[in-house]
Amino acid sequence: MNKIVTMGEMMLRLTPQGYKRFAQAECFDATYGGGEANVAVSLAHFGQNTVFCSKFPANAIGDAAIAFLRKNGVDASKIVQGDGRLGIYFLEKGASQRPSKVIYDRANSAFSTLQAEELDITGILEGADWFHFTGITPALSQTALDTLLVVLSACKDKGITVSCDLNYRNKLWSKDAAKRTMTMLMSYINVLIANEEDVSDVFGIHPANTDIEKGELNISAYKDMGKLLIDKFNLEKVAFTLRGSISASVNEWSGMLIDKDDCFLAPNYTINIVDRVGGGDSFGAGLIYSLLKGKNGQEAINFAVAASCLKQTIEGDVNLVTVKEVEHLMHSGGSGRVQR
Amino acid sequence: MNKIVTMGEMMLRLTPQGYKRFAQAECFDATYGGGEANVAVSLAHFGQNTVFCSKFPANAIGDAAIAFLRKNGVDASKIVQGDGRLGIYFLEKGASQRPSKVIYDRANSAFSTLQAEELDITGILEGADWFHFTGITPALSQTALDTLLVVLSACKDKGITVSCDLNYRNKLWSKDAAKRTMTMLMSYINVLIANEEDVSDVFGIHPANTDIEKGELNISAYKDMGKLLIDKFNLEKVAFTLRGSISASVNEWSGMLIDKDDCFLAPNYTINIVDRVGGGDSFGAGLIYSLLKGKNGQEAINFAVAASCLKQTIEGDVNLVTVKEVEHLMHSGGSGRVQR
Amino acid sequence: MNKIVTMGEMMLRLTPQGYKRFAQAECFDATYGGGEANVAVSLAHFGQNTVFCSKFPANAIGDAAIAFLRKNGVDASKIVQGDGRLGIYFLEKGASQRPSKVIYDRANSAFSTLQAEELDITGILEGADWFHFTGITPALSQTALDTLLVVLSACKDKGITVSCDLNYRNKLWSKDAAKRTMTMLMSYINVLIANEEDVSDVFGIHPANTDIEKGELNISAYKDMGKLLIDKFNLEKVAFTLRGSISASVNEWSGMLIDKDDCFLAPNYTINIVDRVGGGDSFGAGLIYSLLKGKNGQEAINFAVAASCLKQTIEGDVNLVTVKEVEHLMHSGGSGRVQR
Amino acid sequence: MNKIVTMGEMMLRLTPQGYKRFAQAECFDATYGGGEANVAVSLAHFGQNTVFCSKFPANAIGDAAIAFLRKNGVDASKIVQGDGRLGIYFLEKGASQRPSKVIYDRANSAFSTLQAEELDITGILEGADWFHFTGITPALSQTALDTLLVVLSACKDKGITVSCDLNYRNKLWSKDAAKRTMTMLMSYINVLIANEEDVSDVFGIHPANTDIEKGELNISAYKDMGKLLIDKFNLEKVAFTLRGSISASVNEWSGMLIDKDDCFLAPNYTINIVDRVGGGDSFGAGLIYSLLKGKNGQEAINFAVAASCLKQTIEGDVNLVTVKEVEHLMHSGGSGRVQR
Amino acid sequence: MNKIVTMGEMMLRLTPQGYKRFAQAECFDATYGGGEANVAVSLAHFGQNTVFCSKFPANAIGDAAIAFLRKNGVDASKIVQGDGRLGIYFLEKGASQRPSKVIYDRANSAFSTLQAEELDITGILEGADWFHFTGITPALSQTALDTLLVVLSACKDKGITVSCDLNYRNKLWSKDAAKRTMTMLMSYINVLIANEEDVSDVFGIHPANTDIEKGELNISAYKDMGKLLIDKFNLEKVAFTLRGSISASVNEWSGMLIDKDDCFLAPNYTINIVDRVGGGDSFGAGLIYSLLKGKNGQEAINFAVAASCLKQTIEGDVNLVTVKEVEHLMHSGGSGRVQR
Amino acid sequence: MNKIVTMGEMMLRLTPQGYKRFAQAECFDATYGGGEANVAVSLAHFGQNTVFCSKFPANAIGDAAIAFLRKNGVDASKIVQGDGRLGIYFLEKGASQRPSKVIYDRANSAFSTLQAEELDITGILEGADWFHFTGITPALSQTALDTLLVVLSACKDKGITVSCDLNYRNKLWSKDAAKRTMTMLMSYINVLIANEEDVSDVFGIHPANTDIEKGELNISAYKDMGKLLIDKFNLEKVAFTLRGSISASVNEWSGMLIDKDDCFLAPNYTINIVDRVGGGDSFGAGLIYSLLKGKNGQEAINFAVAASCLKQTIEGDVNLVTVKEVEHLMHSGGSGRVQR
């Protein structure tokens, strides 16, 4: 059992039931999610010792978010509760040609005010093997960025492997600001996780001949992009998720892992989407698990893609599958026969 | 902002939840719909000044139907409330090889007793650019037909463009009766909307080499059929919806617009059906909007088909999309990527 | 109207709503099912006189199971109520690459203690044309097997046709035990219903070149397997369901009927799965109905496959379709057009 | 086990969930009910052989109504299916000072067209001990009244005891019409069931010093009213329900049985109302059961009141309690302790 | 029909279903509310021309709030949409000894940034008879207060009657700040609505011998308090709501109207609470309606209390009753008999 | 923060929604509960270090039960997973005169097979201040009793205070068996918790002049009964819950604590019941908390009764209140005013 630490914002997610539009919603399904929290939950279900750090409001909504993490096996004892609010996002589930829609209401969250002094960083990182964050955290506020830097420094001192999912959000900051900050943060990072759109938005690098909106992918161009990032930022590994959007109901899904020497492409899954949110996070969790367990490049990317394929058949932000279930998919190929 | 008036019956729609059969239903989702009302709601969401005329019962069910229209931005102030009932239809949603089923319980509705004297026709048509009705209204009762004729005459006097969706319902009248009446009404109509089955049932005209039940379509035959209708009834335009039923879960969907000089075929969409009811009505609304806004033939049919494609991904009878959303589909091709 | 008797265990089925995983379930949809009971319900909806024999607990849960049968038109008057519990099974509905999961909690059911003396066997079989059971009953307990043997002897005496669905459940008994007992029971059986996995598990016979997990089927090998079973056990007919699992969301579905002289393959249906549980049972019911009504081999298998295709578009264990609805599918090919 | 026959209209009942008003309802709970059907269901749960006669539409809604009856143990095999609709009523549940509201949409029901020739009256009445109807049936249509008269004549010929619940509905007929018809029907009736408001509306007789709206009752005046009815119409027994409306949430509930010689008043229950609809029908069923079982006057009225008290703690129109549960209330006094 | 204008913040209200605590909520019922909006909705259901002014975010959540108002008959055409968010409040419904809990998440709402220049004040007030606001608006932000002052000045100029509900919220401002600002605003106000706790918190005035927490009221002390406020601020009328909290499930409810000459106490209602939020707002609406219609003091307070009694039997923030329903309660006394 | 250990069976609880009877249930609300687990959850919400020991099945249902405990802050790390099932109980919620009903389906649970060797008893009891169990555990199986005895011996050795809630269940064992075993176990117990019915059933001791079914209590007789138990079994304290059943909807609730010297009676609460299950368990938890925190006798019983009063206003088996909420009730007296 490895110890993984993730830090970031967690939000209350509110979703109209079924395929209802916002205007039709008389009630919202409530769950909780956020890039780093989703990774933590996924790793906890893989049986790892997972610690999630954040700041939540000291009220019943903050308590409910903590209960959600505890229920999913995440160690929530390092979460600070204080002033501020829990960010909220509204999700309208798309279908066929109608895209899903997200409305963020996340400003002024408790997490965006979290200062390093509030955290028991020594306790949090003690015995940790891995630290994970996403590009959302530095985008939230200067305070969040400062706190992140303190933690990243401590990770560097302790030799803890660090992964980052670029996760560019244009509602939070400009491409310029993202480029400046993320470039600076790259020096702390061992493993970079991204999709090509993020790389293009943040670093201005993008693969040739790929039209995201149309869902066409050019695999060899991705490989080049990965090598370029490794060289530029002295990374150990870069992993890409590869999503081919056929419609809001059906997606192609795969991933690629690139290191200094090699490039590994996972098999592709055609997914009847139940809930595609958190696909990238569950991919990150699968990758972290695989690399911590010493899997080789091909095994690692295959596991990460299979895990995140399953996520997209599950309601909510988080992946609720065991290692055994991921491995069953890898071996069965996904025929979906009833398991009695 | 144009002013469009529609007049017709609105019904309470009762649907078992999810894919439950009628016999399994312990509760019914309740919404409201009807051919002309659906067109009105769609146009209101396109930002137009839309007036719906009808007669509802003077009770809480009639009030709820009015509230539904108001919520959706339709001007319901011209609706009369009085004796009679609100028609009801029960809808069982099909899946895969199991077809959807509709049970009508619409006899003796308040609307079927609506007399022209009860309506403020002058106020209703003041400043109106367009009047729309469907073949259901004249089929409901002699009174409804008489009232419709008064309104159509007034439209003719005022030079208001009139569109009609044939909408043949064999539970309401015979093909002979429909032919006789609809032929008479054609002289008031500028734009005819139909599918080929309606044209065949009502006018005995049908395209060669097309088997509806099997879902095969013959495009060139449709063109000929359109021209024939234009000539025969001195119409400005004829528009056809083109549905290819692969199963209750997946449909092909397109449309064609024919005028005296030309014929425009829209791109085809393969739709994972959420709720196919109201597809034709949202097509009509898209067409009316496009023509009022002066779009050319190809743009108009493309807009109408994209709008009605989206409708079929939305629960209920009515289309809840903005012009911007329709245009996004036209430009993106429907890859359904999340919109944050 | 024929009289068909089935006997077996019925369970309370508990299913998380929608695509929720067990861990997400705050509530379970409750219905009832069991191999033989599902056949009974299906035949009742086909308008036949159908008697289901079992033993239920003498409490409100047992009463509810009886009410479920009565609601569906099954004659439940021969069911005994006494000590013991109603078995339960938990079903998690899969999607796409995530398989459905079943957790059985069926030990010590009232039915597993049912003794022949408790049953009014004379009344039950009076005027019966057909008796059906599955391989689950003899696997439940020695008592259940003993009771079954008494009934099967009586059927033989009275010349009642007997069908058996192999339905091997590895949680209930070993392959060896199943082989021993089912081989013994074959002497009472006229029509054997199975899928190839059951035949392989129970009799060690399996078709060449077929990989269940991958969903590939080899039709000619099935024919040979059927002939071999007919010869070995002196059966009249063998029927196979042929399921091609593309994913938990999409299945291929067909079936084959083999008799001493011939072999009939039904058309294949690609099904968007709503609920695949009970697919085999509804196939059995369709076959029994067809054979009782004197349909020829091709008609019989076509009806059985069409009926069971529809089942998989319906929530719950049981098939809620009429003969007319099955025949409509057989003729329309499943285009799923709305029926008004 | 006695055989009781009831005949009347059954309606689909649509109720907003919880305490929602009609205007707030996005979905309606669906159940079935009607005065005579409610009596039948109640008696079936008391273990009696109960036959309900009616005419339902030959569609899936009619089928669902039949399934509802079968589920509840009522013999529905004598129900005719044909043209027409199933009546509907909408019920909004009140709370505290806000009264419940009922909107009827029952015109032109299949039952209102039921002719005596359509019924197997001989089979229906064979072996019957009791026939029950309400004042709603003759109010629905001349046809319904004519059919009722044929059945009542047959009851008289066969010496079957007849009970009638006055159930005056001012939406269906005038007081004058009710008086004329109900007076004529009294000659067929042995046991009359009513509340004082019905007696006042139909026969113009009412107890002194009673203000219904205010919920005040004058017991001795009821006794006089009962005696007067017995004398006037040569009845065997008259039974009154005594409801004291404190609010929509809390009611006082009792009843009184009067025969030629005596008068029996039941204990009073203060009920926290779950669903008060069908209170009178369950009272009628309790009385019929008691009288058929030969209970004395005091026992009979106590049983009827206890049974109907329990009904009002149960959702829906019908009473789902056993004789044992009624007797437990009679003995325990209603302390409501958990039964394990 | 009078024209009433109200201005204020509207929030999305999120409520766990039934009596669930926040920690148990898997979904939240969603509705909309806010002091001034609730008054507007209530008056619209009384048939008045009601305009609600506010600023909502320009997104689907803001659109849904507008749709809610339109559905309820409020003129929402003057609402501005722009940057910012819609405030949210979470409501946990209490029961018996467990109090309801409210968590506010309302900071940085679009309304708190609304500037007078954004509003069409001339159009809004044209023909208006009454303007209503609450003490929440000036507490939200300096901008909101500035805007309010512009509107109040315009009202004074036009001679529009102004009412204010004190509505002190200690989460928004201190008692000192409230006292300073509200004292200043009193010069614009004709009718003051409050409960005694607000008067005590804001003006430091409170009735003798009253213990809110214990639910004891001293009526004569209220009268003195009212007179004192009228004299001090030169008001026309002061109205108090009088709530006696027996428990979260049962409340006593009444009200008092005081003018320069007289004092009117309404009858008391003991309410089985369905949803007590918005009780004060519906009281205000009832009072405004009564005074506009020229009712005398006793009639006015009786109507206001009866209207607000009914509100508390209805789910959500807003009162969905007609004038006729309020009058029925006033005449019947609240016995809650079914209305057919 | 004290450490409290509880050990026992936990069950899946299945409840029809609202006030539906079992026969009406189309779905069951699912939660988890059991006497000792309920105590553990309550104490965890009081902020204590609470360990629950048990054995659950090694399947997704067992996992869900663990997730439930973790969500509620209980340390579930000592729970063993293995063969067997999770016991189930079905609960039908009563209303007014209709009592709640419980159907147990708990035989052959994993817990009933738990052997002492499977438990890490040293780790479990390390640092523990208190151990709690109920009379259900020894009733389940000889194995469970044996395991309990091992744990109780260890508690005695370590000087851990032991409390026991008698909780007699007549479905599990006879009064004789209970008397024999519970008498033997008394020697390990410091604090006995019971209601008078349990004391009567298990020890044949009962207070004079008390009729449970009628809801009458005789306080002084309880005091004598408590003293008698203390003397007979050398106990430190005896605590009684005092429930006065007015109906299934309204209960009186209080409690009494008796020690060698004194007797303390808590205030009485009249409760509008939301869910009365677990009332006794939350009383036990309140008492354990109070005694651990050194409260005096009157404070302790007041806290225990207030805590358990609140439980009965909360859905499910477990009490979800904080110490602060209990204290608020103790000080406010339960007027239930909204907390903003």
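Things to note:
So that you can tell them apart, the chains are marked A, B, C, D, E and F in the order they are listed, and the count of residues begins at 1 in each.
To be clear about the criterion, a residue touches a chain if its C-beta (ideal position, glycine included) is under 8 Å from a C-beta of that chain, and two chains touch if they have at least 3 such contacts.
On a predicted model such as this, the values are computed, not experimentally measured, just so you know.
Interface equivalence for B-D, evaluated over A-E, D-E or E-F, points to A-E, where over half of the contact pairs coincide by residue number. Under half of the residue numbers found at the chain E and chain F interface occur in both copies, marking it as a different-residue contact.
Using the mean of the Cα atoms as each chain's centre, the chain most removed from chain B is F. Most remote from chain C, judged by the distance between CA-atom centroids, is E. Between chain B and chain E, the centres computed from C-alpha atoms are 42 Å apart.
Averaging C-alpha coordinates per chain places the centre of chain C 62 Å away from that of chain E. Listed for chain A are residues 18, 21, 23, 26, 67, 101, each touching two or more other chains.
Within the complex formed with chain B, the chain C residues making contact are 18, 269, 271-274, 306, 309-310, 312-316, 320-321, 325, 328-329, 332-340.
Residues 18-21, 23-24, 94-102, 104, 169-171, 212-215, 245-250, 276-277 of chain D are the ones that touch chain E when the two sit in their complex. Those residues of chain F that touch chain C in the complex are listed here as 14, 17, 21-23, 25-31, 59-61, 63-64, 67, 85-86, 88, 90, 92, 101, 103, 105, 107-108.
Chain contact summary for the complex, chain A toward chain F: residues 67-68, 70-73.
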